[in-house]
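Here come two complexes built around chain A, the first alongside chain B, the second alongside chain C.
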Partner chain A sequence: MADRAETILEVRNLHTHFHTESGVVRALEGVDFTLNRGQVLGVVGESGCGKSVTAQCIMNMVPSRGRIVDGSVIYHQRNGQGTEAIEITALPPKSREMRRIRGNEIAMIFQEPMTSLDPLYTVGNQLLEAINLHQDVDRTEARTLAIHSLDRVQLPEPERVFASYPHQLSGGQRQRVMIAIALSCNPTLLIADEPTTALDVTTQAQILSLMRDLQDETHMSIIFITHDLGVVAEMCDEVAVMYLGKVVEQTDIDTTFYSPRHPYTQALLRSIPRLDDDQDRRLEVIAGSVPDPSSIPSGCRFHPRCPEFLTGVCEQREPVLVQVDEGHQVRCHLYDETASSQPGTQP
Partner chain B sequence: MATTPTSPSDAAVDYVESGSGQGPLLEVRNLKMHFPIRKGFLKRVVGHVKAVDDVSFSVERGTVFGLVGESGCGKSTTGRCVIRLLKATAGEIVYTMPDDEPVHIEALDPESLRMMRRHIQIVFQDPYASLNPRLTLKQIVGEPLVINNVSQGQDLQDQVAELLRRVGLSPEHMNRYPHAFSGGQRQRISLARALALNPRFIVADEPVSALDVSVQAQILNLIKDLREEFGLTYLFIAHNMSVIKHICDSVAVMYVGQIVEMTTTRQLFRKPLHPYTEALLEAIPVPDPRRDRHRIVLEGDVPNPADPPSGCYFHPRCAYAQDVCREETPPLAEHAPGHLARCHFAAELELKGMTI
Partner chain C sequence: MLAFIARRLVYMISTLVLISFVGFLIINLPPGSYIDVFQAQRQLQGTHTAEAELEALKRRYGLDKPVPVQYWIWVRGFVRGDFGRSFEFNREVSELIWERLGFTVAIATGSLLFIWLVAIPIGIYTATHQYKLGDNVATIVGMAGLSIPDFMLALVLMVVIQRLFGFTVGGLFSREYVDAPWSLAKVIDLVKHLWVPIVVVGTSGTAGLMRIMRGNLLDILNMQYVQAARARGLREATVVVKHAVRNAIHPLIMLLGMSLPTIISGSLIVSIVLGLPTTGPLYFNALRQQDMYLAGTFLMFLAFMLVLGNFLADILLGLIDPRIRYE
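For the complex of A and B:
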């Protein structure tokens, strides 16, 4: 906790496009955020906003039809005394260096543990694969490490789990195995892509509590991708809100929930059913639905659904990310002084 | 069933509530749904999965009754038995007709069942899987009207247009296919289809859990509005306690095929009597960063319904379990007026509810 403001990951102006048969899908069109060492950053947004593609870009694992067309991802690696900045987006995805970073430095867990574990191999096999690839250890050591990492994620009888096949485990246990594999090489940054979405509430609570414990213990940095604002409130220190391929707001957790600035963040918070609601309250609604990524609105992408839409401004010009407070960036014309003070922009 | 309107013209008009309008609209008594487990060459039955095991509840007219629980607790199976998509192993499902005549859904012959389905409709969880991609909206929403000889030609077109308008879709889109619509819009189409025959009762099986957060609110509001507009009664199945709280008047909590607690929504959240309900409430991630993040987490997993634990099914995970819980199955007993719980210590435990 000593090095509070040391940056570990910077994502700058990231643009990723997918070339499909029906044209170019602009999945990311300006993703910016910074993550400090030892912090948990929540990346929130609805389906299609590009949160998972962002994770793939950080891992340099964009599917073959996709291409990073602009922007960069910079990872600050610790070595000895100082840190070294590595531009991940400049590395070839299959290079030795990139393979070293994946696993050793940055690890990832996915939403659906059943599809990310191989049903033909035992849990032990899959754990050993990760350990043998990234660490220089002999067979007995590797096995000890594997059992230890299963124990660390609080799986009962780690020896038995080691010898089990994925189908013999419950959903929560499988997700624990995924976490064990991800953490087996002690990464400094963990990307968790909707790790609890497929789980039941009580199991979700277990996994969240486990991840909190592990974070307390190792001080690793986490990027927590989710659509659930409840999970964000429980887990994160910082939040980046995404809408249609852009980060529209980034700030600390308290500000996100208590004084959000972007109309989308505000609307999102008002629309979730809360436990402390008056039962007869009608939920406030965001009009319309998320547009298809192949037909993106002009100007600010949120303008057709925005309650604070300014005619003549929002549909014409794209807003830029502006700093409204220390550590608080918003992409909205309402806070962009240069936009609203310009003569002739408002009728 | 003789009272069901059969002529095409009056089938879709509002039913005349000629009865007293008193009492529950639907009563489920001792419902059991056991699926056989077969093994070996001869496919002999070696056991049963007791997906629903002795479930009883009643749904009052014009209210929303919630069934909540984790995956595998039998909530969807219960819903499917109620509209007889599954034929229950045992038990009674009694539906009260508009003229107060009780009908046993579990005993209906196929012809009467078809008539019955005008009264009871279902909305499924996944709007991507429940709409036929090869049919246009007009065909999807109009199908129940055509099958039941309610209308055809221009009349059908007008009715479909009206239904689409009522669920907030534009009638001009009638000739499009489902792939042109987003998840929220598809769920509106499902609702329009369910409403086509003017039902009185709708089983909504996780209708919002596949939707985006900003769209969930729209659909929940629509479900509430339709209830007022058409005087509908719902059986609302969900796993999300916040959604349940928002929409239901009373709730039953299910665990491994059994109801473990049942009461009004308000009472359940304020003063839960079963430790499982307490744990469920405690497990919900609350969208408030100022709330204490560290709390009691329920250990273990939901047991396999083919081989449930002895005694109280919840005892291996229960923080308050004692010897008696391992041996004796607790009955679902009334501990306060209208508040039932299946726990030996419901009267003694001081469980944590929510201040609402």
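For the complex of A and C:
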């Protein structure tokens, strides 16, 4: 792609906290990544590491008890001549400007297709909602656009689907409808928050291939949130790995799979079952479990579970994001010369 | 849909038949009958009632027959709109109820409207502003409204109005208008009195309904389709009203159906305290005096309203929610 290096979204040092009865939950404590125009970025991590909250921050619709306390999300919007940088995190969530971006510039699809359509309205009603909001069209044009977008996600009999209520459709069909709604206004960025997690394996494969086709066709950028590394391998150009509210590594897809640097990324990859494995070998696991976000370990958050743990360093100092290669950032003391005298010894 | 209505009508009628039977049985369970009450009252007044007179009364009201026969005589009249005679008032039951029904329905629909018009908007506001100042204030006021017994509130209001404004609010009319023919002044006087029972009955109902609305809406606001609607860029008001509130209203419709009997039960305790000419005190006395046809008929009316309310609520839900199919 010609505009490969043009940035569309920057997330800088994002901190988001939730105020609950049992205290402050620090959901995000430093999320950094960049997304280039036309690329697919995979955001991976275990449950509860803040993937979905990151998506909510980009849409500027953090639940009412959450607050973005630091950092920024900057969206580079294309207009006639060049691009204009919009700081999303500086816009009031309910403002007209923010609502113009939502659904129009940045669209989102959700994890649970079974519950992401309002059961009381037809598919058509909810699809037209988006079209009428963002496009200047009359009734018949809007309807044509709606039917067309249902057709585009390969739903058979789009006219019938248009008039259907959500409960009359299957999970896979509903996710297609969600994609149709999201794409109806031709967004330049699509956030897909675990769009296939709730679907069965065959449907999952169909939805993924649909999304890939649509991406090829529209060249939109996608943030693909998932915990499934197989999906990442299939879909993404870039990968950002998250652990407990921080991005610990961001690099391109090949480097992620063939020469990851962060011990957490390495451990994640080792824990994928392989077809060519010796049958008797036990699956590798990451020791321990994700700590509760209200009792986060000191220093590097991964240190209690890390096989490369450096005593006296990792539990005391928080690692910073360092550039280890062109377009490859890692948050680990092993690669930070100022923090440790021992350089990384990983293959 | 028609088949559904027909089927439900059959269920309704069989339910009502069963209720009439059980109800009549229960009313007849306490030992003695109105004749004993009548005799005791006479004795208190110092008059002796002749055995023959009592026998005549018994025959006249069919009390000499076995209970199943009495039941049959009573039930048979329903189709003709004949619900038997009240022993105490020596008048037709239907007449007695009818003359009090107007005020009862006026007060009940008034308070029902009051409850819904006040509770729903506050419920929506508190859910969308959870834990903010307004929500906390509404919660405290609501809890107070829920915990203060309505007869207490009625008494307090009566005293306060009497002391501060110098007019009585018991009953529905001032003394000079009670027997006066209808006129504009009488209507104004009625309105002056009517708001007290409406507010009293409405307060506890409002508090309860407000909490239910708030709870439901909070659940719905967390649903993914609400987030998805927001992610489309819809205005917050559209998100809340079109997608959240409409989904949160279901349980309230069921509740509305169940509250239909209160329209004729005439909020008993408040009516007694405020001395209102509604059906509530009438029912209460009928039960005490073993005025069994009057009491039984009331019971039937209440049961009928409940069954009807549920039926209407089911139809309404079917119209609102496309997932409900009547096949």
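Just so it is clear, the second predicted complex is superposed on the first by the 340 of 347 C-alpha atoms of A that agree within 3 Å, B and C clash if a C-alpha of one lies under 4 Å from a C-alpha of the other, contacts with A are read in each partner's own complex, and residues count from 1 in each chain.
Quick note on the criterion: a contact is a pair of C-beta atoms (placed from the backbone, for glycine too) under 8 Å apart; a residue touches a chain by one contact, two chains touch by 3 or more.
Bear in mind the structure is a predicted one, so any value in this text is a computation, not a measurement.
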Clash or fit (per the criteria above) of chain B with chain C on chain A: fit
Touching partner for A:Ala90 - first (chain B), second (chain C), both, neither: neither
Superposed model, chain A: greater residue contact from chain B or chain C: B
Touched partner set for A:Val24, first chain B, second chain C, both or neither: neither
Touching partner for A:Gln206 - first (chain B), second (chain C), both, neither: first
Contacts of A:Leu117 with chain B and chain C, given as first, second, both or neither: second
Which superposed partner A:Asn104 touches (first chain B, second chain C, both, neither): second
CA minimum distance (chain B, chain C), superposed complexes, angstrom: 6
Chain A residues within the chain C interface of the complex: 59, 61, 64-65, 94, 99-104, 107-108, 110-112, 115-122, 126, 129-130, 133-134, 165, 167, 178, 181
Chain A to chain B touching residues, read off their complex: 46-47, 170, 172-173, 200-206, 208-209, 212, 227-236, 253-254, 256-258, 267-269, 271-277, 279, 282-286, 289-290, 292
Complex contact set, residues of chain B against chain A: 70-71, 182-185, 212-218, 220-221, 224, 239-243, 245-246, 265-266, 269, 279-291, 293-294, 297-299, 301-302, 354-356
Residue numbers on chain C that touch chain A, as the complex places them: 130-131, 223-236, 242-243, 246-247, 320-323
